[in-house]
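Presented sequentially are two complexes of subunit A, the first with subunit B as partner and the second with subunit C.
After this line comes the complex of A and B, so read on.
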C-alpha cells in the first residue's frame, strides 16, 4: 500500500509559483526532516503506532522549527569540534617515533639566551649521547613574506645527520648539503608549496639576526611529522654574525628512551654553577614550552567553546520549551487518558535527545568531512598542518550535544509534571 | 434501579488564590447509577465542570468523599490515578482535543498503548470503536481532514475504546452545529441506553439535556435540582 507523501512533497507545484515559492517548495522537498516524518508515517502504517513512532511524528510535526533546531545544534557542534581541533593543533605537537630519543638543551635563563659553543665537547662526552648538533633558530622571512610559516635552523650538517631518526632523503644529496656551506636541507612540503627544485635558491631576510641568507637547495627530506623546516650550516651563520661563539640550543640524540632521563640529568649537572647553566628536556617538553610562548591559547579556545556550548544550550532549551508549551493541552489530554509523568518525560526526553543527536551527527560529521578533505595547509599558508578531527574530539562534541539534549528536556518535563490536567486543558481554551 | 457507580458524600472544592477563597462546590452529595445518562447543568461558575473533573479523577476535592465503582478516588496517588483513569474513564471534551499528527485510528489507539493488548487486538478494538461512531471508513484521516462533528465522534471512539464504565463529556456539543450536535448526543445516548455505559455530561444547552435520563442542576456550588427525565 502506498503512503501519502508529506504535503510539501505531494503538492503539485502550481504554474503561478513565485521564485521564493519555488525555493520553499524545493526546501520542503529536499528537507531531510520531512523525509523523516514521511518514513515515520510509513512505519506506523506498516507496524502500527508505538511510543517511538509517536515521538518522531511529534518531533518533526513543525518542520521549520525542527529543521532550524537541528541546524542550530549542527552548526554549534561543528564550531565546537573545529575549536577543539584548533586547540589541539596549536597546543599538542605531533608525536613522532624519534621524539622520545631527542633532547634539547637550552639556556636555563631563557630560550632567547644563547649557549657557549664550547659546551659541545662536554655534551658529546656524556654517556648515552649518540649524536649532538648545535640547533639555532634563525627566524627569517622567505621572499619578503610578512610571516613565514616554516622555521629555519642553523645546524652542523655532519652531526645533524645522526639526529634524523625518521624520514628519508627524497631528493638531492645530503653529502652535497654537508659539502656546500651555502646550501640548505629543505622539507618536502616547503618544496612543494613554493614549487622549488634542487639547485634553486632560497633567500631569507633575518628578523632575529641582522643578516640575510641566500641558500642553494642541496637535499630534500620527507616522512617526518613536520616536513616544512629548512636547515643550513651553522658555520654560515657564525660567519655572517662575526662568529660570536654561541649557539641557540643543543640538539641531542640518546641511545634509547630508557636513558633519556639520565642524560637530561647529566647535561643539566654538567653546566651547573657555570656562567651558562642549561636546561635540558625532551623534544616534546621543549615544544610544549615553546607553544606556551604563543599565549594561553588553551584558555582562549576553551572560553570560546564554553560560549558555544552555552549558546547551544539556550537554543535547544528555548526550542524544546516552545515545542512543549505549544502542546501543553495535548499533553494534558495524554495525562487524562492515563499517561503518567514518567511516560510524558520519556516522550519529551526522546524528542529533545533525538533532535540534538541528529544535529550532532550533521554538525560533527560535516566538520569531520570538511577538515578531512579540505587542504587546510594550503589554505592557511601552512599555519595549520594536520588539523586532524580525532575520535576523541568528535566524542566530546557528541557528549556535549547529548548532555544538552537531556538538559533541554528537564525544564519542559518539570513544567508538564507540575501541570494538572485541568490547568493543561484551560491553557489554550 | 442499578447499583450506584458513583457515590459522592459532602464533596467540597475550594480554590485559594492568595487571600481569596472561592468555593466551587459546597458539600455536594449524590449517587449515580450504572447506565444513567446524567446531564449536569447550571450557570457559569456553578461548579458543574469541577464536579465532573473530580469524579473523573483529573482534579482533587478539598474535602468529602468520591467513590467510583467502590474505589475512593482521593486515596489514589498520581500514578494509580492515571492507571485508574485509563481503565475506568473515557473523556470527551468541547474542543475534541485530538492529536493533530495522528490519524483518527491512531488517536483512538492512544489509550490502548498503555494496555497489554497486542497490535492485532488493538486494531480490532479501534475498528470496533470507530464503527460504533460511524467512522469505520475514516480511520486513516487526520483531524484536519475531518469536520468538527466527525472529530468529536473520533473523540467519543477514543473515550470508549478501553471499554470504561464511565464516560464524562464536558460540553461535547459546544463547538458543533445543530446537526452534528444531534449526532454526537445520539451516540452518547446510545452508549448509555444500549451499551450500559454511565455517561456524565456537562452542558448549557437545554436541547442537549433532553438526551439524558437525569438532570442535575448546580447553583453556586450546590445541588439545586435533581430531575429524572420521563
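After this line comes the complex of A and C, so read on.
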C-alpha cells in the first residue's frame, strides 16, 4: 500500500517534453501537493503506515487530479468570498461612532428637493440639537473628469466644526478655511489621489448647479470613515447661484444617542404642514436608505453566490466519485481484509474533506491577500472603497467548503458500502 | 484519418455520470454570464427604445441629464419662437417645456422607499411622444393635482393604482390613469401637468424643452444655433442620441458579467480538465488500440478535443436554455429589476433581455472552456506509448 505511485505518471515519457509536458513537469516540481506526498512518504519510511498517512498518500497519489481539484475549489472559494465582500461593500455602510449621533434632515418629497434656508433658526432651537449646518450636495465633476467619484458639499464652516466628531485636521488650518470664502476643506484620500497640497486649487464643473467652483485648499482632514469629501462655503454657492434662500439638507448633531429619536421626532414635527415638510433620520438610516435605492443588488449577488456554490459542489462531488471509482478494486481488497464500512467511510471522508479544506485555505487566503493589498479605490476609480474581507465572510467561505467536502464523500461511500467484494475485485475501470 | 464523431458521442453517453457533472458545471457558468449580460442589455434596450429621431431635447449646457438641468422661462420664451420649429394642424408650435422631479415613494410590500421620476408635461409633450399610450383610466386634467403612472411603476410602488395617491410632501396627487411606455425609459416615470408641477414644487424654471423641428435641416440649424448662442447657455441634441447616452447604469452589470464569467470559467476549466484526464486514464488501452489500428497522434488529439468541446457545448446549450427559461419566466410574471440610475437619481426598471447574439456569445464561451480544458488531456492521450498502453489493465 505504501507503493502509492500514481499509475498515470509511469506512462509519461521523461524525455522530449512538449509544451504540455513541461507544464505538467512544472506543476509537479513546484507543486506543494507533491511536497505533501513526499513528506508523507518520508514519514511512512520512518514510522510505518498509519491511517493518517494512508489517507494523505491516497489523496495525492494522482497528483494532477489532486492539484486540479484543489485549484477548482480554491477558485470557487475565492469567488464566493469576493462576491460576499462585494455584497457587504454595496449594502452595509461602514460603521462609525458618530453616525448614530448625527442626523440628516431632508425634504420629505425627495433628496432632490431643496429646503428653505429660513428653517435654520427653528432647527437650532430644538432641544437636544448640539450643532447644525446646512449640507448641500454639489455634485460637480473635478477638473476634466467625466464622473467624479468623491462628493462635494456646501456647508457653513463655523457650524460644521461642531459636527466633526471623529477625524482630525491633518494639515493646514481650519480657521483659514472659515476665513476664506473661496477655500475648501478636503479629505486626505482625495489629496493623496490627485497629489494635492495646501494652497492648490480645485476646480469643479457643476452638473446639478449651473455654476462652476474654483477653490483653494485650506485644510485637510483624516481619520473619518470616508476621507474623500470636499467641503466648501455655502455662502459661495449662494453667491454663485444668486439664491441665498435654499439649502439641500440639514446636518445636525445631537447630545447623545439616547435623545436622537426624540430629536428626529421633534424636527419632523416642527415642519409638519409647512410648505417644506422634513424627513429626519440618523446618518446611518440615511445611508441605508440610499443603499436600498440601489434596488435588487442584494438579490442579484446572493443568487450568483448560490450558483457559485452549486458549481463548487458539482466539481468536488464529481472529482471525489472519480477518485473513488478508480480505486474500487483496492477498496474491495480492503474490505476483503476485514476493514469495516465505517473505516472505509472515514478514509473517503478524510480525503475529500482534506482536499476541500486545502482548496479553501488557498482560495480564501488568496482572496484575502489580493483584496487587502490591492488598492481597489484607485483601480475602480473610487467605486469600491473599503472592500474589506472580514473574518465573518471568510468563515462563510470555509463553512461552505467544509460542508461540500463532507457532502462529496457521501455518494462514493454509499457506492463502496453497497458493493460486494467479488464485484469490486472484478472492476477494471 | 479522423476518428468518427460517433465514437466521441458514445463515449460521452457511456460515462454519463461524470459527463453530467461537467455539463452542469459549465451550464452554471454560462447561465450566469448570459444573464448578467442580459441585464445590461435590458437597461441598454430601455434607453435605445426611447425617443423619436425627429425630436430635439434641449438642456442646460454642462448638465448630463434632464434632472440636473434648468431652463429659465426667459430662455424658453426665446426658444419657443425659433422659426425652425414645426407647427401642428392647429398652427401651434410643437414645443414642450417640462419639469423633471424626483419624488420618494414607498415600495410595495414595505421594502423601504425609492425615488421615482415625476415628469410635468404639456399637451405638446404628449404629442411628441406617441409611444406612450394610456392603458387604463384617463389622462390628467391640466390644472388638477392628478397624475398618470406607468404600468411598471404601478406594480412597484404603494398607492400607484387608479384611485390611489402619490404623496409629494404635504401635497397629494391623485392617480387617475396608467400608461404604457412600450419598453422605453418613460416606463420608469409618472406624468402630471407641467404648470401644476411647477406650482407644487415651487419651481420657477423648467428642466428641459422637447421640440420637433420642421425637417432635418431645421434640426441641424437649431442645434448649431444653440451651440453658437453663448448667452443662452443651452444645448440641443437629438432625443434618441440623448437617451442612447444614458446607459451608464448598465456598465456595472456588463463589467460584473465579464469578471464573473472569467473567474467562474477558471473553475470550470479545472473541472473539465479533471474529467478529461480521468477519461483519458480510463481509456489508456483503447487509445493504444486506436494507435495500433493506424490512427495518428493528431487524430487522437483532435478526437479528445472534440469530445471535451462536445461536453462543454452541451453545458453551454443547457446554460443558455436555463438563462432563456428564467428570462421568459420573469417576463411572464411581470417582475422587474430596479436599480438607481446615477444620472437621474431615480429608479429605473428593467428586465432580462436574452438576445440571439448573447446566446451565441454564451455558446462560444462554452466552446472556449471545452477547448482549453481538453487540450492538455488530449495531448497526453496522443503521447501515450503504444506498447505500454496496450499492456495496461
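Just so we're on the same page, the second predicted complex is superposed on the first by the 403 of 429 C-alpha atoms of A that agree within 3 Å, B and C clash if a C-alpha of one lies under 4 Å from a C-alpha of the other, contacts with A are read in each partner's own complex, and residues count from 1 in each chain.
Heads up, the rule we're going with is that contacts are C-beta pairs under 8 Å (C-beta built on N, C-alpha and C of every residue); 3 or more make two chains touch, one makes a residue touch a chain.
Predicted model, so just to flag it, every value in this text is computed and none were measured.
S.K.: Could you look at A:326 and tell me whether it touches subunit B, subunit C, both or neither (first, second, both, neither)?
M.R.: second
S.K.: Could you figure out whether subunit B or subunit C reaches more residues of subunit A?
M.R.: On the superposition, C touches more of the residues of subunit A.
S.K.: Kindly classify A:340 by the partners it touches after superposition: subunit B alone (first), subunit C alone (second), both, or neither?
M.R.: In the superposed model, A:340 contacts subunit B only, not subunit C.
S.K.: After superposition on the shared chain, which partner residues are touched by A:51: those of subunit B (first), subunit C (second), both, or neither?
M.R.: A:51 contacts subunit B only, not subunit C.
S.K.: Would you sort A:71 into first (subunit B), second (subunit C), both or neither based on which partner it touches?
M.R.: second
S.K.: A:207 in the overlay: touching subunit B, subunit C, both, or neither? Say first, second, both or neither.
M.R.: second
S.K.: Touching subunit B and also subunit C: which subunit A residues?
M.R.: 429
S.K.: Write out the stretch or stretches of subunit A touching subunit C in their complex.
M.R.: 7-8, 11-13, 18, 20-21, 23-24, 64-65, 68-69, 71-72, 75-76, 78-79, 82, 107-113, 139, 147, 205-208, 210, 273-277, 289, 292-297, 300, 304, 307-308, 310-312, 314-315, 317-319, 321-322, 326, 428-429
S.K.: Show which residues of subunit C lie in contact with subunit A when the two form their complex.
M.R.: Interface residues on subunit C, with respect to subunit A: 17-18, 21-22, 24-25, 28-29, 31-32, 36, 39, 60, 62-65, 67-68, 70, 101-104, 111-115, 168-170, 201-202, 233, 248, 260, 263-264, 266-268, 270-271, 273-275, 277-278, 281-282, 284, 337-340, 345, 347, 375-376, 379-380, 383-385, 388-389, 392-393.
S.K.: Please give the residue numbers of subunit A that touch subunit B in the complex, ascending.
M.R.: Those in contact with subunit B are residues 44, 47-51, 54, 57-58, 61, 329-330, 333-341, 343, 420-422, 425, 429.
S.K.: Could you pull out which subunit B residues touch subunit A in their complex?
M.R.: Interface residues on subunit B, with respect to subunit A: 53, 56, 58-59, 78-79, 82-83, 85-87, 91, 93, 95, 97, 99-102, 106, 109-111, 113-114, 119, 122-123, 158.
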